[in-house]
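What follows is a short report on a single structure.
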Amino acid sequence: MSASAAKVAAIAATGPRRRWRWALALPLGWLLLVVFLAITADWIGLPDPSAQELILRRKPPSAEFLLGTDNLGRDMLSRVIYGARTSLIVGICAPFLGFLVGGAIGMSAGYFRGKVDLLAVGFIDILLAFPSLVLALTFTAYLGQSLFNVTLALGILSIPAAARVSRANTLAWANRDFVLAARTVGASDWRILTREILPNLLPPMFAFWLVAISVIIVAEGALSFLGLGIPAPQPSWGGMIADGREALDVAPHTALIPAAVMFATVLSLNFVGDMVRNMVDPRRSAL
Amino acid sequence: MPWLVRQLVRLVVVLFCVTLLTYTIVNILPGDVAIVILGNLATPQDIAGLRADLGLDRPMLVRYFDWLGSALSGDLGRSYRSGEPVVQAILDRLPVSLQLMVMAQLIALGIAIPVALLSVRRPGGLFDRISASAAFGFLAMPNFMLGIVLIYLFSVTFDLLPATGFTPMSEGLWDNLESMILPSLTLGLIEWTVLMRVLRSDLLTTLKEDFILLARAKGLPQWRVLLQHALRPSSFTLITILGLNIGGLIGGAVIVEQIFALPGVGRLLLGGIFNRDLILVQGTVAFIAVGFVVINFLVDMLYAVLDPRVRHVRFRS
Amino acid sequence: MALFSRRFGLAAALAAAFAVPAFAQAPAPVRGGALTIGVESDFEGFDPIRAGVYSNSTVTAASLFYETLMRLDDKGNLIPALALSMTPNEDGSVWTAKIRPNVKWHDGTPFTAQAVADHFNRLLDPANRFAGRAYLAIEKVEAPDDLTAVFRMRGPNAALPRTLAQPTVTTLIIPVKIAQEKGADYNRNPVGTGPFVFKEWRAADRLVAERNPNYWDKDKPYLDRVTVRPLPDSDARYASLVKGDVQVIWEDRAENIVKAKKDKNLRVLQWVGSGALVIPLNTQREPLNDKRVRQAVSMALNRKANAAVLTQGLRPVYDDPYGPSSGIECKDTGALKYDPAAARKLIADYGKPVKLTMTVTASPRGREGAQVFQADMKKAGIDVEIKPVDQTQLVKEALTRDFQVTGWRIIDLADVDPQMFANFHSKSPINFSGYNNAEVDRLLLVGRTSLDENKRKAAYCDLIKILNDDAVWLWSGSNIDFAITRANVHGIPALRGGAVQVEGAWLTK
Amino acid sequence: MSDLLAIQNLVVEYPVGGGRHVHAVSDVTLSVKQGETLGLVGESGSGKSSLARALLQLPPPKAGAVLFDGQDLTKMRGQALRAVRPRLQMIFQDPIASLNPRRKVSEIIAEPLIVSGVSDAAERSRRVRAVMEAVGLDPDLVWNRRPHEFSGGQCQRIAIARALVLEPSLIVCDEPVSALDVSIRAQIVNLLEDMKARFGLTLLFIAHDLAVVKSVSDRVAVMYLGRLCEVADSDSLFATPAHPYTAALMAAIPVPDPDVPLGDTKLKPGDPPSPLDPPSGCRFRTRCPHAQPRCASDVPPLRAIAPGREVACHFPLVA
Amino acid sequence: MSGQAKSQAPLLSVRNAEVSFSTARGPLRAVDGVSFDLHEGRTLGIVGESGSGKSVLVRSLIGLVGAGSGAGVAGQVLFEGRDLRGLSPREFRGVLGTEIGIVFQDPMTSLNPVMKIGRQIGEGLRLNRGLDSKAAARRAVELLSEVGIPEPERRARQYPHEMSGGMRQRVAIAIAIACAPKLLIADEPTTALDVTVQRQILDLLQREQRQRGMAMILITHDLGVAAGRADDIMVMYAGRAVEAAATREIFRSPRMPYTEALLRSLPRLTDPTHSRLSAIPGRPPDLARRSGGCSFAPRCSYRTTQCDEQQPVLTWEASRGYACFHPRGVEGGVGA
């Protein structure tokens, strides 16, 4: 049958996978390094990221300060690593939160359709139509600026995207015969949602989540720029870039180092996300 | 046209919820417009008095429905802070925001479409990989950084474009465009990445379709296959994202507006919130919500233009 | 009394000569040209009742359209403006101003003493809830004839002419009659007597003013058109100046000022005013209600070194808020020296761990100041949590005394009395440190009412000793305003109140 | 033999937007006897799959009754319906799509047991092993593998095992071999026949391939555009089709023998009408070479023309 | 036309066609050394199960497999004596557009959903025959009417989704024959259609082929379809051609045990109900893990150790060929 041609072509598209393997090692290695440093920051003998030595402000990289110092004379290396911790916490947790809520909404909408779908789509519409700025400002102004609140605000902002992804995927999977098969044996909706649909939803959601992490890390920077990010002196990459921006000509490293680290991380996340997406492409998993 | 009716109902419901939500949120924010007006020298007595004068001491819901009543008759009230009619304030800012949004999207599309087309010619090839890395690079670039880099590059170093400010179209089209290029570029250079990735992925899917094979079997050259056969059926996700972006950009380009000193809706909103200018915030949010719903309505219409199958289902009664 | 007349007399005599402040040996003024000024923020509007307080951006814009009764030249001498002279009665409780004849509002109606009276009486009327009235020592203003305005003070007041000479939301005189006719629209459509006529204000974008051909000072202004543009991002603002999109910017980031000083295309103007950047401590809140803790905080903060580094030496720190322009110089301010060891001892003495929350504006400046404060306190064993909030919330917390430590700024006024009285008198509604000291109250009253300038100075110096010893407010920076201009811009006077005034400015090629 | 399943006046319609409906199944009455295999034949759009899903209440039909062992399934809800479900199982056309790609084969086959409350894990794995062996899968080899590691034929075996594990009375086979290759098809058909004998099953066997249907069915029902055309025992239906559509269907089958000449199509040229807007009267009349004016006005009822033989035609080919 | 010379030389001559893909599990040879000739006016049926490589083979011949997918294509393809593999892309497109037409399995996916029918038909004409858009549109309407579509003017302005499956396949045929090709490739042209429609489409294809004197390659998995329409049949199994012969010979006396088993496993209407089908045990091999021997050996009832160790090559006996050590119906074949 000619469908086979399409299938073979699909296998072929995964062809250069061996080349991918080393291409993947680099981004994965980087991500692991960043996560490792973020977790172990307290124990690897870094100077206090908020210890200031104003006299030594904006010093270029040297033997004493491997990555130089920032606008308040703090060790950039330490701040970049502690910043990784903050940025990763926000970057990982915020979309996770969004995915938890949005995923549930999208799943119910895609599975039950009809009125539930209408309600869910309406809810998403409202969230989307509501200027995200107002929401972020509200959170930080009303509940105060803290790591938790910033994460919460960004998490809420990622609900619509998560809901869309999970709804679209649920719609696709809920029509599969195996869902029908589960219903013929009398499985409850809850069981079908959790045992049949959810496992299939996780890989695309995971791939999307990896991309969302990078978007959120950048978004936290924008909040920092508006003065609404993680409160000082806790470093975050976005906040460091925002701080360093004003000395772009006299001490470019204060902005460029966190920017480079952020770039490498976003790049890695997207590469890994692409890989995951390729691996879970339904066309290929159907083989 | 039950579809049209459905869209209208959707608009009304979204508007109601969004404005009520805004009202609640701005009300629970600490500090209020009375403090803003009277400044840091005010006495608590004065503040209480002004609150009463502005009607801020009445229950929130009563005020909300008052606002809703007059809003329905087209009167969004006057800003507490500046006394300017809210409708006027929004209409003054809107052309700037709209132009910024349109130009940014055009730039984004102008980069995204050719890059996506070129990279699907050889997926995994050199161009594909370079363009993907470039895309992620721009994705990782905060716009407050990109903006200032562009200013230093294009206006200070090369002296090509004005660094900041907005020139209305009435003062000359070229001047107007000049003043909008850098801000649009700042947004567009970040925006294109997502559009490119989405289009690329949809193009790859489309290119596996039999009708593409058939087009090639007709002897069409590659570029013709891509442009005439693959592009249109691959553009639906792109259009959806575009619609969502546009909605977000109406009020969400604050940082760019701030850096380039553009008098856009985003800054109006930001100022409104900082001033606790409830009336202004409320009107602006309602406006943005309408804009969002209307634009996405138009996007739905655009689907129908792009895809006759949708047209078929929807417009044949 | 003698003091006033001496100063004033001199000023009046030299009025004509000093009309153009000599900015070195500048070339002769040239007519024509357009100037664009970049300021920090958009304008609140031009009706004092609505605007409440003018930011320095607004003052810059407002002084295009409006004028004060008197003016100060760059040396601090009073010169006539809308008033030709101001004379006090015996004890300084009544001041009579002679109004300049043949001055017209931009709409053509004549400017009279009645307009002066209307302006001040409107601000003073409690029904209008003008916030700045707490600072005004005026009881009411009368206009016995078209060219005479009589200021009746709440008590003897020495500082009135100087107070009225600095452009602020209160002293720039607006036509109340027109404002009332236009209602809410007046706020956005200013009409004044000033050198420029309002042309257009596109919110958040630009305000355009054109030469007033009927200006009473026939030579002026030299410029045909002035545009004021709010450019909120300081780096972009600086870039706009370098690019030449604007010719003058108001600036406060040390980085840019230092850069500009090295740029031969640019010129830096600076003005050390009175007032200061301050860190108020709430004396009514645990643990700051304990003097030892306050003193410890004061001694732990390395104000001078911090400022020297952060402002690259541009903004020296004084131990009082008086500033060179106030004319008050105290030999001994009683300031506590930087001494982290002593601070630690005081904290140990206090016996409990000290944790403070510092409320600051969520801005780069707020964030920077707070982190430096936090780091210094840590060395003395004081934990500081930073709470960034927006400006509105900060004001609310200050007014309701719902804070422990915050950042604040006392604006540049020609006379220190209004600020000091409002901030430290126990009965003042805006004494947000909640400070209550009978001796301070007494000294404040002396400063306000005494006609003897030396006695006043002495009182303020005694006052500062008490305040410093009690560590109520910490003086973290002097109030210096900077503006950067292109090298071809001339004739901009001292930046009083942060305002860039361009009435006498001109451009060369 | 008694009727295990009786479908009475079943109607299935679903909306497609714009206020229009697909008339998938219109007024179908049909019964399946205990232990027999009923073949259901029709082309795409004939409603045979809709009928299968409706009788399993997935979702319930718009009108009509489905009597299973005397109980009307359309009147049952929730727990009661779930209690009956294990006795009624289904096998789908696409064996790969009918297995959850993220679960192990053993889990897939055990799932029905878990749902129907077999809580003892050992008991479950015993039964799963037993049924795997019955369908010709080696339990040790397949236990921990996932569906994508198997070919279509193997997947269909897994699907059959899943259907059998609850020991159902009736299995609805919805085109169970259409997606399989010729060389595999025979294996699965044989397996179904074996399982039917071994477990005493009743089968409703849906297919568009007449030859396959013929080989497994005791009786055959032919559907066209949502209506039944003809119901008869297998041999007589294929020997002497009574409905013109049945005849046309048989004529259209390509015979794998180059010496058999291509006969008359027994059809008027043209395409099948859309189930959105079926023709009035007899739905086949637009393509029927024997159509008369009466066929446009009157709906031909399904009537018996011989014992065990019913046809819905005004002018049947066999009297 | 110098018909004489051409009728002797084949229109299409394929030698040792190979297509391989690299996959995660190693290289996969989807087509392995297939050769065949096709003469003008003849219909070659290529029969095989899914994965047998029949579609990949044919698509690779006309360059639709390979570009961009990382597939390796080898072998010689002579079309009217010209080596297609040696042509420049532009020349190759010229041949493709004018000399070869193709019809795919599913007309739902092989027609561009967002382009009007008329334009899709006229596209090739404008590009390859240099017609202006008016002439192309006129010709498109004529073609629609030739393939039996009523109201062709109206239909030309419609989109594919507004038509039924059979109608769409007629459109696809119209596209394929628009430039009057010499070779028509029909890749499972009726698999997605109902049997009653299948008949009409096959009739149409056959009619057009005869009228225009085209050669046709008919790819199908349905032996019934091949039996009724092909002059010659090539049977493919696991990427190799295992048997090739005139249609009647294939059905009457298959040489290859696979062909024989396949024919026997078909249910027939003439068989009584519940008669057990003769199934082929096992399943087709994994192409990525080929053994050295005959691909069919594991399922073959005549298998010997030779079959496991040695790969049989397609050998020719008179006008027919087979790849088997133990051909059926040949002296010394069985049980040798």
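The letters A, B, C, D and E name the chains in turn, as written, and every chain counts its residues from 1.
FYI, a contact is a pair of C-beta atoms (placed from the backbone, for glycine too) under 8 Å apart; a residue touches a chain by one contact, two chains touch by 3 or more.
All of these numbers come straight from a predicted model, not from anything done at the bench.
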Contacts common to chain B and chain D (chain labels): A, E
Selected pair, greater C-beta contact count between A-B and A-D: A-B
Most distant chain from chain E by Cα centroid: C
Euclidean distance of C-alpha centroids - chain A vs chain C, Å: 47
Between chain B and chain C, centroid-to-centroid distance (C-alpha), Å: 39
Separation of chain C from chain E, taking each centre as the mean of its C-alpha atoms, in whole Å: 89
Two or more partner chains touched - positions in chain B: 29-30, 123, 148, 152, 273
Contacts with two or more other chains, residues of chain E listed in rising order: 49-50, 59, 104-106, 221
Chain A residues counted as touching two or more neighbouring chains: 9, 13, 16, 137, 141, 226, 242, 245, 248-249
Touch list for chain C against partner chain A, complex: 234-235, 253, 255, 259, 305-306, 309-310, 361-364, 366-368, 370-372, 374-375, 386-390, 393
Residue numbers on chain B that touch chain A, as the complex places them: 10, 13-14, 17-18, 21-22, 25-26, 28-30, 123-124, 132-133, 136-137, 139-145, 148-149, 152, 204, 208, 244, 247-248, 251-252, 254-255, 266, 269-270, 273, 281, 284-285, 288-289, 292-293
Complex interface listing, chain A residues touching chain C: 50-52, 54-55, 57, 71-73, 137, 140-141, 144-145, 226-228, 231-233, 242-243, 245-250
Residue numbers on chain A that touch chain B, as the complex places them: 6, 9-10, 13, 16, 19, 122, 125-126, 128-135, 137-138, 141-142, 214-215, 218, 221-222, 225-226, 238, 241-242, 245, 248-249, 255, 259, 262-263, 265-267, 270-271, 274, 283
Interfacial residue positions of chain C with respect to chain B in the complex: 38, 42, 44-45, 47, 50, 52-53, 129, 131-132, 134-135, 183-185, 187-188, 202-206, 229-233, 235-237, 239-240, 242-243, 245, 389-393, 395-400, 422, 429-430
